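Going by the order they are written in, the chains are A, B, C and D; count residues from 1 in each one.
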Amino acid sequence: MNIHEYQARAILRDHGIPVPEGFVAETPGEVRRAAEEIGAQVVVKAQVHAGGRGKAGGVKLASTPAEAQELAGAILGMEIKGHAVRKVLVGPAETIASEAYVGIVLDRAQQADAVMVSPAGGVDIEEVAATNPAAIMTRRIDPRYGLFDHQAGELGRFLYPEAEKAKQARSAAAILQKLYEAYLGSGATLAEINPLIVNGAGEVLAIDAKMNIDDNALFRLPQIEALRDPEAEDPAETAARAAGLSYVRLDGNIGCCVNGAGLAMATMDLVKHYGGEPANFLDIGGSSNPAKVVAALELITADSAVSSVLFNIFGGITRCDDVARGIVQATDSFDLQIPITIRLTGTNQAEGLAILARRGFQALSDMDGAVRAAVELGG
Amino acid sequence: MNIHEYQARAILRDHGIPVPEGFVAETPGEVRRAAEEIGAQVVVKAQVHAGGRGKAGGVKLASTPAEAQELAGAILGMEIKGHAVRKVLVGPAETIASEAYVGIVLDRAQQADAVMVSPAGGVDIEEVAATNPAAIMTRRIDPRYGLFDHQAGELGRFLYPEAEKAKQARSAAAILQKLYEAYLGSGATLAEINPLIVNGAGEVLAIDAKMNIDDNALFRLPQIEALRDPEAEDPAETAARAAGLSYVRLDGNIGCCVNGAGLAMATMDLVKHYGGEPANFLDIGGSSNPAKVVAALELITADSAVSSVLFNIFGGITRCDDVARGIVQATDSFDLQIPITIRLTGTNQAEGLAILARRGFQALSDMDGAVRAAVELGG
Amino acid sequence: MGIFIGGDTKLIVQGITGRDGSFHARQMIGYGTQVVAGVTPGRGGKAFDDAVPVFDTVAEAVAETGANASVVYVPARFAADAGFEAISAGVELVVIITEGVPVADMLRLLPYAREHGARIVGPNCPGLIVPGVCKVGILPGNIVAEGPAGIVSRSGTLTYEVIDCLTKAGIGQSACVGIGGDPIVGTSFVDCLEAFENDPRTAAVALIGEIGGTDEQVAAEYVSKHMTKPVVGFIAGRSAPPGRRMGHAGAIISGAEGTAAEKVRSFQENGIAVAERPVEVADLLGARL
Amino acid sequence: MGIFIGGDTKLIVQGITGRDGSFHARQMIGYGTQVVAGVTPGRGGKAFDDAVPVFDTVAEAVAETGANASVVYVPARFAADAGFEAISAGVELVVIITEGVPVADMLRLLPYAREHGARIVGPNCPGLIVPGVCKVGILPGNIVAEGPAGIVSRSGTLTYEVIDCLTKAGIGQSACVGIGGDPIVGTSFVDCLEAFENDPRTAAVALIGEIGGTDEQVAAEYVSKHMTKPVVGFIAGRSAPPGRRMGHAGAIISGAEGTAAEKVRSFQENGIAVAERPVEVADLLGARL
């Protein structure tokens, strides 16, 4: 799950990390009032689940409340990488003596969380990693022991190596310890501050914050689940999640309904292989519940770009008769205007085929043939 | 450091453990008002740093506020194992369906914290261990992983094995997890609930609570250090701590001032070996600061039972000249009425002896001889 | 005999009285797996299907039955603890079928397993099967056949698809291992490749990967450096967009990392023939047997 | 040669620029210990006394100097972390002199040391000395003499007292180890006894115990079962009251456990002659050499 910058900042602040004050606003008028409250130059930042906001014009500096209001008018409602901006964060424009990057991220290859820091902050850290890897220091965290003080201290000194910046180095070390607490306490797989600045007064402050949350951890973190912003997510994906489906909308025309994530990806790939374009990723999961099939078909057909529906079911735990029942239920309850191709094999295959045959559906038993047929039918 | 029952209960409650309400009172009138507030039968319990309160008459049941006031009048001011009762805890008298024991304790031999539980609660757990060890289940905690849920679950079921008490077993498991959090968060070396009861409504409640705190952890737990009750401690020991000395008052007449805890114990033992009785344990520590010697001598001589003072200094880091200077300073600043025997050897021994000789003190170089002399002088 | 499991596997089913646990316990028993005990806290003393003793704790189950493996069907919030319990009790192999286990739980469980010399397979995996001998997990027993092909995969039904193609093509399997679709899993491709390389019954291996992470690349290097047996590969998710989780928690392209193209290239550079379509796995493997 | 330290010990002083660290670094250098590096975070690049290079981290110190041991003089709140750092850097022996380290910190540090095959001595200990060869810690070098007696003790100055008695009685020492007065220490009596038993330069051992815990009883059983060399004992705290901490955090009688009487009895039952007075240790040991 993604959360907004302003939410991540609040989490960091709750863990004792120094974050400048900020106001969330949904209208230009609110932005003006926030800027008046701050009483100084402000930054207005789009709150969307997408990177590259600055380049897209979603981050602006305003000298007066009136200017802030005007700029917010432009930012609110704009689209950044397909995400409509509905909220902005308004905060004081800090004087910046230096910018650093600090982040904690799940390192899959090392099977551990890792802290990364770089004195080259304010830019994309992947770019720094590619062009100037010596400017990054990384330390693995042993989850049994946590981030050691000496690790945090070394990372802090890497950011601020000058003897006269010993205070900033200690601040950064303390911030890293708190960032790891915030990361753990939020079920995060990414928590980064970019930039971490030294301001004119020599204080170390977190200006921007980003956190990604492990969906699997949400069941025990209701306070984090509550940060979910349904407005910032695709309504179809929200509906899919509510129905217990795993769904990702894509740009094509072949609607896919598959059991199992790996098979669903392989089905999309095969659609493409045979010249089609998948309209979605959709995994109905392992359990065979006809209601899920109905919900899946509703989701797929709600996408007006879909011109052909493909079912690819390899029954293991999923029972073919249940899927067939779901298809029958769905086509009973609404008028399917587009062709449907069904591949059904595995557990209770014969029963499933019989149920479908009774309604005039003919099912295929091999994946390749079904995908080819669906692509052809999609035109 | 010891804390009072009412303080330990507050810590447990802060960690989400169900603890019945309770009021701390220092006068019979306050006890009466607390009993009126509770509006039911109450228990009045002496708050002292000593076990065996019940046997000593420090725990009483009262049916009416007037009776509570009367009983409190008897309890407040009584002495339990040398500790004057200055506070009582007043709480509702719970109906008790069953009593259990749960505790977390530092297991020195295993170098780990251990959870101990017993369905035989409300009595001394050491007695249960001696007479009915099968009634105790113990599980070690790996500090890197914490108390596992399956361990807590098993311990809970050991307390409440009956199928119809599955709810109580789960409650107890949850309480154990919270107790471990409270233990860790308080720098404890002991945290026990005895008894943990099931009340008439089937709820599992912590009735009595006891915690011992690792003195070494207090530097990072100011909120725990703030629980220290100087009134409940020996004023001489409080003064010693403030002066950076390690001091324990004993019953004898030979005041001992030693550098190093092991040597201080060995000195006491030797006093006893030669027929004397040590008046105290006193370790001035490793650093050689004349001010500490002055404070030590003040402490020792403030005890009117002391009839002979013995210095036993083996200089390592401690420098004999510094100790000698301290002795001179102390005897300059107040009039020492009792004989003093000095054993001084090791680092800067010659300088130390010279300083003492100038003031007419003669020092010995062997421990046995010094102790024998001090015992003789003590009469 | 077998990969991680075999005829000497004595299995505990953790969560045997649950909906999934009971269903699959019966399937495993039906396949011939020695299911020696079930564990459901608070249900100790009963017998599952009048045949398998149920215990409150894994420690009791091990003490009473000598079990050496366990399979976990408990809900996600209890899954890692079930693993800790099994390892504490001396179980050597813990297969976690459960989907939805927090990554942070796995990061703590895996070092515990290492400390105790235990192996975790999964989570979010279909388990293992050695055709004709033993099945631990949920892989359908009816689609496999005995033979020389080792299968290792991050997914479930896609693996069934490939197995089915192989069986229909007359290529039986020495063992099939589903390592799971999560970002952090206990047993890696390399662990399985090493086991297949050392398994006399395996003649060639199919490696079914997908987008996300770099396990396939690490596996490809291992194949090139350490394996004598032929390996063929398949990567799911060539058409997946970056930054989106494709069902599996681990199936996500992060920045430039974890793309299918990168994995396919790594396979090809390290001598692993890559199938374009699932059914081609059978062709490629057949040509190498 | 030596017990845990010897001529090949290349020592790092953690906290070398502090008051205690600098004083004792000079003492150790003066005694002939190879002090190859100091560590004080933020002070890297300087030289201590124009002779010993100072580094920001233990890892750098090890990389540059090949150090294999470290002694910790940092304040209590940083002591355990200093241990973690030294172990992470590959140091094999970490001697923690610092007093006042929280027990909870030690409970976490010790498994880390075990995982990495490192030894912790202390905390709250005077360290070790191999007379004439190497000294790590704060034991005064001027009171020891080379000879056949191994000394192991939970305390500081009481150990000096015993060493002094031995030296004055003409009995030199093979090594003296102060294991520390805290309830949880990294190296036990048994660890030291085993090392003395295997050390060809040691002919007999003096074990200086005190009230609190059961280490002395465990040691006594070890002596009776595994040692061929004579051991004599002394227990401090015979006159200590129960329930009161006698200076050392570990010197406390809890309930019926940890009394001097119990320890003396355990010594006697296991063939360890017990001195009544410190000076008698020399008599008992002398009679056994």
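Following the convention adopted for this analysis, contacts are C-beta pairs under 8 Å (C-beta built on N, C-alpha and C of every residue); 3 or more make two chains touch, one makes a residue touch a chain.
Predicted model only: the values in this text are computed from it and were never measured.
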item	value
Chain pair, B-D or B-C, that carries the greater number of C-beta contacts	B-D
Distance between the centres, which are taken as Cα means, of chain B and chain A, whole angstrom	53
Centre distance in Å when chain B and chain D are each reduced to the mean of their C-alpha atoms	28
Whole-Å gap separating chain B and chain C, where each centre is the average of the chain's CA atoms	54
Computed distance of Cα centres, chain D from chain C, in Å	49
Interface hub residues of chain C, defined as touching at least two other chains	108
Residues of chain A touching at least two other chains	144-145
Touch-based graph of the chains, sorted into line, ring, star, complete or other	other
Touching chain combinations (by label order)	A-B, A-C, A-D, B-C, B-D
Residue ranges of chain C in contact with chain B within the complex	41-42, 56-58, 78, 81-82, 84-85, 88, 108, 112
Chain A - residues contacting chain B, complex	144-145
Of chain B, residues touching chain D in the complex	106, 108-109, 111-113, 126, 142-144, 184, 187, 189, 214-217, 219-220, 246, 248, 250, 258-266, 268-273, 278, 281, 283, 286, 314, 316-318, 345-347, 366-368
Contact footprint of chain C on chain B as seen in their complex	145, 148-150, 153-154, 157, 163, 166, 169
Chain A partner contacts - residues on chain C that touch it in the complex	23, 76-77, 99-104, 107-108, 110-111, 126, 138-140, 143, 153-161, 164, 181-184, 208, 210-215, 218, 234, 236-241, 244-251, 255-256, 260, 276-279
